[in-house]
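Chain nomenclature is as follows: A, B, C and D, assigned in order of appearance, with residue numbering initiated at 1 for each chain independently.
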Amino acid sequence: MSYPQARLQDDDLAGTLLANRAFSETLCAPLTPEDMGLQACPEVSPPRWHLAHTTWFFETFILKPHVPGYRPLDPRFEYLFNSYYNGVGEQYPRPRRHLLSRPDTATVLAWRRHVDEALADLLSRSATPELAALVRLGIEHEQQHQELLLTDLKFNFSHNPLYPQYQPREDQADKAPALSWLEYHGGLVTIGAGGPSSTNSFYFDNETPRHRQWLEPFALASRPATCGEYLAFIEDGGYQRPELWLSDGWAWVSQQRIRAPLYWFLNDGLAEHYTLAGRRPLNLAEPVTHLNYYEADAFARWCGKRLPTEVEWEHAAAARPVTGGFVENRRYHPAIATPGEGPRQLFGDVWEWTASAYLPYPGFQPAPGAVGEYNGKFMCNQMVLRGGSCASSRDHLRASYRNFFYPHLRWQFSGVRLAQSMEAPDATSATAP
Amino acid sequence: MSYPQARLQDDDLAGTLLANRAFSETLCAPLTPEDMGLQACPEVSPPRWHLAHTTWFFETFILKPHVPGYRPLDPRFEYLFNSYYNGVGEQYPRPRRHLLSRPDTATVLAWRRHVDEALADLLSRSATPELAALVRLGIEHEQQHQELLLTDLKFNFSHNPLYPQYQPREDQADKAPALSWLEYHGGLVTIGAGGPSSTNSFYFDNETPRHRQWLEPFALASRPATCGEYLAFIEDGGYQRPELWLSDGWAWVSQQRIRAPLYWFLNDGLAEHYTLAGRRPLNLAEPVTHLNYYEADAFARWCGKRLPTEVEWEHAAAARPVTGGFVENRRYHPAIATPGEGPRQLFGDVWEWTASAYLPYPGFQPAPGAVGEYNGKFMCNQMVLRGGSCASSRDHLRASYRNFFYPHLRWQFSGVRLAQSMEAPDATSATAP
Amino acid sequence: MSYPQARLQDDDLAGTLLANRAFSETLCAPLTPEDMGLQACPEVSPPRWHLAHTTWFFETFILKPHVPGYRPLDPRFEYLFNSYYNGVGEQYPRPRRHLLSRPDTATVLAWRRHVDEALADLLSRSATPELAALVRLGIEHEQQHQELLLTDLKFNFSHNPLYPQYQPREDQADKAPALSWLEYHGGLVTIGAGGPSSTNSFYFDNETPRHRQWLEPFALASRPATCGEYLAFIEDGGYQRPELWLSDGWAWVSQQRIRAPLYWFLNDGLAEHYTLAGRRPLNLAEPVTHLNYYEADAFARWCGKRLPTEVEWEHAAAARPVTGGFVENRRYHPAIATPGEGPRQLFGDVWEWTASAYLPYPGFQPAPGAVGEYNGKFMCNQMVLRGGSCASSRDHLRASYRNFFYPHLRWQFSGVRLAQSMEAPDATSATAP
Amino acid sequence: MSYPQARLQDDDLAGTLLANRAFSETLCAPLTPEDMGLQACPEVSPPRWHLAHTTWFFETFILKPHVPGYRPLDPRFEYLFNSYYNGVGEQYPRPRRHLLSRPDTATVLAWRRHVDEALADLLSRSATPELAALVRLGIEHEQQHQELLLTDLKFNFSHNPLYPQYQPREDQADKAPALSWLEYHGGLVTIGAGGPSSTNSFYFDNETPRHRQWLEPFALASRPATCGEYLAFIEDGGYQRPELWLSDGWAWVSQQRIRAPLYWFLNDGLAEHYTLAGRRPLNLAEPVTHLNYYEADAFARWCGKRLPTEVEWEHAAAARPVTGGFVENRRYHPAIATPGEGPRQLFGDVWEWTASAYLPYPGFQPAPGAVGEYNGKFMCNQMVLRGGSCASSRDHLRASYRNFFYPHLRWQFSGVRLAQSMEAPDATSATAP
């Protein structure tokens, strides 16, 4: 089994691995054992399950195949903590993860020790490129689950009328920079991982192959939309006007009686929301978040604009540094954009819905083996998001990174950056091949 | 607010109360904080919720109305831990109780201390009959939740492929006494609470008024049916023969693909079941349990018999001592019947499904006030069970006690005692009034 | 196969049979072929299906077993038009009956001719008591389906915003006689079919055996409750007050947002309802109908009364003539009660919900064979209704007749007659056997 | 209101219109009034509804706005027969269309006469480009419903165990030409409506604007896959191997226990299917049809190939004549491919699933007004199909035509043409703009 896209030369792979493993546990430090089992819907998982599943990943894909005579702490965990890898075997039903009170937190932590020690031992003896690639994949996988751990936790806590506070509250400014437009003239562009700026870094199979796309001229908003801008959409009857919505979106709004983004409380002049720092007033200057695709799309239509495609987004982001608000900041909420030139907050703070369905790039080949179930099999019914959020690791992100979710889901830190076409495409001047 | 049926003269009501309160916590001693939040379906509740709700009951119905200036530990708990008392206010949605990781176990235990101390203080100062009746009702209510705590826990644990062991396993004999028939000649009988043998004891409003019923001659089996007897029904194709089933029962069997009682594993010659002592082989001499009404009824029909009515059952049980296997035995599984004369195991071990729908007795009046929501409003769509189980408190039970569940449910320790009519009723000899 | 409870001596059985067969078709005369396929929910069936199924009954239970060499018109109809007789074989799924556009109406009518001729021929040659009993059962079965044909049609038509008119509208008076109370002193009474007044008439197995029951003193309302009385309940907030409702009833009201009986339109001061004569204003003097058990029970509780038990009802009705508004009147809606002595409208007009669950009488034995699936297997989860409705045949009804429906259903012409207990039962004076 | 993409210069628009209107009724000629109301699931509509809705379209978008004083036959039909145009008002619930037995077939046909006469009269007086464009849109709309009428009918009839025969059965050959590969070298291509070959013809807004796309080299199969080829996939365990399926597809296969295409019967060596000519043996040389996207995608993966993108497909089809099996052939089933050079059956016979999500083209603008709800609001969660089927009108189709369905649906005549990439895209040689 190998993951050919990972061309990692990490000076201290074992150190990076163990630091990242420790960070998962750091994120759980404010939680009680009771919190560790919460699961409010099938799409989210309990914190304890995240700690266990990321450990399962290393045990299944690295220790069992690469350490002769490796003894798992408990062979039954292979079944319990598989998420969706059909190549590995049956899975414990996802909606029931909250029912796994055993193994308890202490046992899961002991399992983590067991696996970490075996990994450290293995890496002290071997560092083949194949092994390094798998370890790197395991690190990236765990970073994804760190993000989910936080977003799942927020969703779970939001069901508790006590509105638990995971972190202290911080005050922020109340003013975002004015929105401006950045223009790009398009043409035949190249996107995908492996470009000049990404040498030696990790990327997923779904970012490949690097390939050409034709782009018409377009412009991107200088920053994500704010809560204040979104509130204007609401106050203009945005959720009551079918002409603003995709058909599936309108069905969702109507059947679920949606009136605001997830976690917002808007009754009787109140404008509050639930955050990981507890329930608090909306700050209108902050980027709006916890929108689903339907909301992002309807808001853009109300603005007379549209969402960017992922090709447009990547073309704009390729030359930009990966700066923004990340999980390392320990704020767990999108920050107000800072003034400056060029696009703000392309990376971090809020994932940006694109107008692109999550599909294979031309010539895409999934990684072989069970690890190949990582990305390719989800290439249907989902939309691409770009850029990362306040719950993403900074070194997990890059311009070519493709995140994807179903259009109705909104428990991620997902927001919206507007786009517009700069001129009607002129078909008559197009040169037929 | 009062509960007139309770005519309690308890020598040491406060002592009884506190001992019973402590027993709830004793039942949780083998559990981890993670276990305390388990809820596998809307019908069951987490152990922590049971600890909290029983505390809510005392705080709501006794401390708030009877202790001037009483300060609840947290006023938000009134909403969180109401079960179904519409008279008290809105309830936190039942299917989401597992999401209440806060208040955590330690906080719930502190709340219990807070309430216990206030109750002890109140009872040291006052003992009006009305207050005593309410305290007694609170004790009985908590005993019911102790039983549910155990049956819910069994259901929750059964979803974990590790099959957690709540208590040590004990060996038992493997032979039940032969089944014989005890005959009763019926006539105009009187049932309901308040009869000669029940003076001064507690009873619920649904056991009243004591009233007359006409009974034709009948016979009862000397003991509940065993696992071995039920296995013969299965092996005779019991679950595949529609003529043995009520129409709703056959729909349940067909749609759910039922093939055995809850917790049984019967694949490939295996005959095991999950118990609170873990997964273990079936003991064919034990009473069969975790049947629903449809299964009990179909089994009786296959035997050429029927279920007893609740009037028959109570008539037979009225003169018998309350002996059997109860929660006090700390076995949490029905025991094999012991030899002897008269009906065995009428009380304890397994609840016995009756052929009677749960309906008001003639002249029934529910208790006034919110406490009146305790029993009467459930008098539709449920069937009566009698006698108590291995998870019931001995002093919670009596011959007139009416338990009730929907006919499709089987997570209680519910079994079956056969009955038969002794002769075709002769209508021609009936004297019209 | 036999149906022992039918002790029929009909002077002209063949004539009765054919007249009744013709009446089914008469009921369909106002319908288009398009109407003949309507099915708005799984509980109702298309008119064409009723015509076919009643024919299936005669073919399956009489012609095939009793006519050597009988050739069915199409052998595939056995599967298509079986309703629920597992003893006969698989059934076409009930929710899909509307999909059987073939056989079309003309073919079904031709099948009816085919079967009617074979029946007439058979009865001209043979009239064993067993055969007569089966024919009589077939007639009664078809009468039940004539009633369903009308109530199903009303339900189906009500979904069409054109509100089709099946029959002309008739004006009625607008005043019902005042409600008075009729007292009964109870004691040891005998109920069930086969009493002195029922000699030689047909009855179903579920009305047997005739048996004794003990009754405490009670009173019955002189007539069913009216629309005006029910409107007062609504205007007093009846549908918003949980304390008036059974728990399952309150769940139904809350989840379905129920605010009025089926077919009522109460918006903005409007008080109309849909009838088989089209949409028209409520006549407040008419009996309220299309209530389910929960509504009947809540209304009675709001009145400070209760529903009668089926034993009380039958005891009161046993001596009364079978008079009232029946299907023969061709009005298809309950009439206003007429003045007079004694209970009004016990029979016909509206079925009366009783407080009794539908359960077997002591010593009940279902008829043997597939015909035995007629009644007994439904003895769970349903409540008994008594007396018949404006859609019932007069000669189908009698005092011992037991109808039964699930408590949430309300598409039958079901209403409510109030009852009350006359004194608290005095248990101390009861003589223990 | 206008539909600017229609640039119609039709010599005899009224004649075309009326001929097309008549064809809808011709398609219903073999149907009984009972058949005219069939609706087996919410996604399909009864034939009578199709006749009514297409009439509604002309009345709503042409007669009401363009004919002063126009009197609709029944003003209530506006609500009854609106499909999804929120701009027009509320809609009768789609799943209940089968409940509209009134207006009956005769009334709907009378309505069609009423509207056709008004249209003919209008067109005899006026032929503005705007009106002509709307009429043309109405014709195209009705052609789409003619196709749905047939595919819905097939779905509805398939639920009847009598397997109704809509048309006579015809014998066919049993051999398809061998599959070969046609190569295309790609580059910067132009797609979308309005190209040189499409002058003066109608097209939908979703086919615009004509625009440039970059294509890597690829090859297309010379004909759609056959039943025989698909049967080999089944026999190789195709439906049991998760590695062949998209994740959502595997969930669908597992939960629905899918084992074959819609309408196939494969039990016990049997290989039959239901067609509009009744149930008959599979002809292995015919194109496989009634696949959903998941099946088409899994089959392609099993072949080691992939589906074409819609850009590839259109690029290949742009230069080809619109020849194949269409609804005009009155065969209503895909024909066996004929030998010949170049791609066979690009048009007609079976719709071909593409790997492209249904999304707006760069610079897309929906038509203004309620007509603008025609296409754009469905641009989410659906996949593009190209080419048309045996149930499509020949003159409704063109290379730029975009059909779209949810990936799980398979009641259309939808099949699969394989594609493959010709070389790994060489990103290093890509010229950045």
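Here, contacts are C-beta pairs under 8 Å (C-beta built on N, C-alpha and C of every residue); 3 or more make two chains touch, one makes a residue touch a chain.
Labels paired with UniProt names: A, B, C, D = Ergothioneine biosynthesis protein EgtB.
All figures in this text were calculated on a predicted structure; none of them were measured in a lab.
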- line: Expressed in whole Å, how far the mean CA point of chain B lies from that of chain D is 59
Mean-CA-position distance for chain D and chain A (Å): 36
Query: Between chain A and chain B, what is the gap in Å from one C-alpha centre to the other?
result: 48
Task: Among the residues of chain A, pick out those that touch two or more other chains and give their numbers.
output: none
Field: Chain-level touch network, classified as line, ring, star, complete or other
entry: ring
Every chain pair in contact, whichever chains are involved: A-B, A-D, B-C, C-D
- request: Provide the residue numbers of chain D that touch chain A in the complex, in ascending order.
  value: 84, 86-87, 185-190, 192, 194-195, 209-216, 242-243, 245-250, 293-294, 297, 309, 355-357, 359-360, 362-363, 373, 377-381, 383, 407, 421, 424-425, 427, 430-433
- line: Residue positions on chain B within touch of chain A in the complex are 32-40, 48, 76, 79-80, 92, 96, 98-105, 156, 159-162, 164
